[in-house]
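There are two complexes below, and they share chain A, which is joined by chain B in the first and by chain C in the second.
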Partner chain A sequence: MNVSVKRMRAIFIKDYKEFSRNYAISTMVLMPLFLAFFYQSAGASTLDIYFLPINMTFAAVTTFIQACLIAEEKENNTLRSLMMSPASMTDILIGKSALVFSITLAVVALTMIILGFTPANLLILISALMISTVFYIGLGIICGLFTKTVMEASVAILPVMVIFSLGPLGRGLAETYPVLEVLKWLPSAQLIMLEEYSAAGQTSDVGIALAVITVWTIITLAVASILFKKRMKDE
Partner chain B sequence: MTAEINVQHIGKSFKGFTALDDVSFSVQKGEIFGFLGPSGSGKTTLIKILTAQLDHNKGKASVFGIPVHEMKRADHKSRFGLLTDNSGLYKRLSVEENLSLYKDLYKLPDHAIDEALAFVNLRDARKKKVSKLSKGMIQRVTLARALMHKPELLFLDEPTSALDPGNTHHIYKGLRKLNEMGTTIFLTTHDMAEAETLCNRVAFLHEGKIKAIGTPSELRLRHSDQSMVVELTSGEQHTLPLNELTTAGKLEEWMRNQLIQRIWSNEPTLGDIFMEITGRDLR
Partner chain C sequence: MNIQISEVKEGSHTVVPSFSFEAGLTGLYTDIKRTQVIMDQMKDKSYLHCTNEGLSPRLTVEETFRYHRDLSGHQGPLQEMIALFGLQHVKKARVKDLSESHRNCLSFLRPFLYSNDVLLIEEPFDRLDEEGRQIMVQLINRLADEQKTILLLGYNLEELLFVTEDIYRIDQTGFHKMDFNEEPAAPAEQEQPVIRIEKVQTKHEGKTILFNPPEIDYVESVDGTAQVNVAGKGYNCTLTLQELEKQLRPYGFYRCHRSYIVNLQKVREIITWTKNSYSLKLNDRESSVIPLSRAKLAELKELLGVS
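Up next is the complex of A and B:
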């Protein structure tokens, strides 16, 4: 695997400059923070409510921003220029994900502080949050590579936002509508369940939840890589 | 000499449309090779195949002796530069910030940016945002990016299409200098004057096929009607066949009487030749 830290850093710095000058996208980071303030002042106390702004961060910040960054590169033909440079696929994908990864972790941390949420086991939750971040970044890369413009990407992302951020709430309706049982396998739902198991000391269940999120992540990254390789060539 | 580009019977079609049909040629190290053809003749398709952006359906092609499908490897990609009609520049970033990204991607020293900007005569615009640049300036920044790493081979797709005559002249001078330093240049153009000025050899591409290939003077000679024009001091012009005794006789007579104002050979331009071969002009 051909990896260069210098190249990844160059792409990260470029993305940071672009992101900080693109207010339409950069202001999205405020949304989960506002939501966190709202729930905190409304007296949030359940895990489902604590995790709503966190899962919203993943969908509306991580996936949305990543998809827009990739789609904009495609729209302006800059992605092809990057692909034609000596930067490898790994350099480009990691370089282009590093910014969103850092932003996500910062926003999730702030959200948890605003909500006053103390996890049962910080280390386990941090691991799950980091793996989840990679999953949502992968999802953003797929959305960005599938679409041709930022406009298209911002529309394509809507079902992703609904399914992954609001999906876990559907678990409550699973008794009435058994088909909704499937929602518990979403990585966003597994994240909440992981925290429940962690608080209850059910170590093996924590492991299963972490494994489910990891499997989602691996599949998403594999699809993103295949798609990226396809986009390196015209058809 | 070593062939820098070798193309053997390449064919490419898209859903029934033939973009390239049995195209064969080679470009030697140190050459400036021009591919001339009107829009849609297959010039860009060929560059995309040679730079591993597009697969071909038939034939074989290699660059630096390496099959083109392997050209996407990082170490091979740093050996060539590419300028296309799509600038691929970041509009929110300045000229310097754009070049700085590629300086790091190619792992070049800081002064590479200065040198590239001087080459395209854009030192004063380094802090300007790309979104504020004219089309010609954007093309010059793209060219600076393409040659910043001093590639062995430079692919230029219509390199001066958006430039004014002053900057075109500056770029020609720079490209010749780059070529003297060892860079092989493969350019596509529909500007016959550009091809005549820059290229050691040219190929005419029409409807995906190579119709003629050679040095500009070879082609002119091949398609010349073997005649010369003599303009007399009276303003009268006479077209005379070359290498015939009657011509020699007339010339001798006019020269004896000091009647000749100008003489020139009746050679066609590359544009005339293209028109003769394909029945259409280069635009």
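Up next is the complex of A and C:
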């Protein structure tokens, strides 16, 4: 597979231009920042509350924008020409994700600064956040491929937001409803647990949490690329 | 390199017969259904360019050019390429603000950059203004010069003729090459048309009135003079019934009775009274009924093509 930085850069620049000119999508990045302000002034102290805006960022910014970028290509009938172009699937997927990846990291960093949240081990948390970002990008690609317009994409991210962003809050109810125990295996819940473990210095548990997130990411990426390949054949 | 089109049938009806094309620039004069069938077939083998393909509306023209050039890995100065598409004066405009013709020209950028050996273009000159057409002709010719095989599909023959004379027409039996050399020769041989106006001259209250033959419903003989009936009114004619019959025959008139000539175009009904007695009913204003000789019935039916 030939990977060309030039092509990826071309896709990146084009996506950046489209993103910055489409206010319906670009203003979405402000949402987690507002949320962070809100929690900060309400007096956030627990990890659950710290991570709520961060997990919200992943669903509302990462998945949403990624889904919109793909869906917009479909809406404008330009996805086909992208697939007909000499760019390989890797070129397209990396080029299309690079923008969202950098936006997400910036927004998450800002959120953490606003919240005044200092992680126990910055390096571990950053790597966990990066892997999570890739996971949510994969989700966004899947959402984008299943929808036809930006409008549909914004509806499609709602389940993602409910399950992955708000899911960890359900852990509190796990004592009453043992079924909810499964929620702790969500990548967003694992992210919180990872921070808990790393604050407590349980290195082996940190490794498990990191592994769980990675497995989620690999599965999502695999599904996303299979769907994308199928889509390429259909065109 | 040949393009192969295989036969497609719909029941017993052949929609597209099989055919193979030589490399080069070829036009196909088809309808929309056959276009669809051919495009479906060629999907894997060539680059299809359809009119309904989009552009990113928020990019400017220049950004679109840069994006597609970088994506295709094409080398070459950007401004030159924009000029080639005739869009240099709108290069800072957003795609969504372009005129339709400019946008359609810009759409052609993708096949221009991405197509490999075989390119299929649907309706190449659809919805383009005069300037856009000229640019499109240049672009297609340029691609043809690059030794690409181009198939143009369209249902507007004139437009296909802009770029190629190699045009095929499709019907059930096969692809037929259209010959355009015969046509210019034909008008030269054509003789000067002879202008001939046949008017039927009648007298009415001392005035001479002229009728065009198609106006006449029927002619009858009253007291030895021919009376021309037009719109329910009779006008006396100086000619005899025989002379009138001769003059009016080329206009679809028929002597249906010893003393009647009828305009066959106005016959509505053949009325059978008894086995041997017939009349003709006309669709003139009065719905006149005129007699028909038994002897003339067979010949009349033959003339009218009825049984």
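Heads up, the rule we're going with is that the second predicted complex is superposed on the first by the 234 of 235 C-alpha atoms of A that agree within 3 Å, B and C clash if a C-alpha of one lies under 4 Å from a C-alpha of the other, contacts with A are read in each partner's own complex, and residues count from 1 in each chain.
FYI, contacts are C-beta pairs under 8 Å (C-beta built on N, C-alpha and C of every residue); 3 or more make two chains touch, one makes a residue touch a chain.
This is a predicted model, so every value here is computed, not measured.
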Clash-or-fit label for the pair chain B, chain C on chain A: clash
Which superposed partner A:Asp234 touches (first chain B, second chain C, both, neither): first
Chain B versus chain C as contact partner of A:Ser45, first or second or both or neither: neither
Touching partner for A:Arg21 - first (chain B), second (chain C), both, neither: both
Touched partner set for A:Thr203, first chain B, second chain C, both or neither: neither
Touching partner for A:Ile11 - first (chain B), second (chain C), both, neither: both
Touching partner for A:Ser102 - first (chain B), second (chain C), both, neither: neither
Which of chain B and chain C A:Ser81 touches, first, second, both or neither: both
On chain A, positions contacted by chain B and by chain C: 4, 6-7, 9-11, 13-14, 17-18, 21-22, 76-78, 80-82, 84-87
Contact footprint of chain A on chain B as seen in their complex: 48, 51-55, 72, 74-75, 77-78, 82, 86-93, 97, 100-102, 104-107, 145
Chain C-touching residues of chain A, taken from the complex the two chains share: 4, 6-7, 9-11, 13-14, 17-18, 21-22, 72, 76-78, 80-82, 84-87
Residues of chain C defined as touching chain A within the complex: 47, 52-59, 63, 66-68, 70-73, 110, 113-114
Chain A residues within the chain B interface of the complex: 2, 4, 6-7, 9-11, 13-14, 17-18, 21-22, 76-78, 80-82, 84-88, 232-234
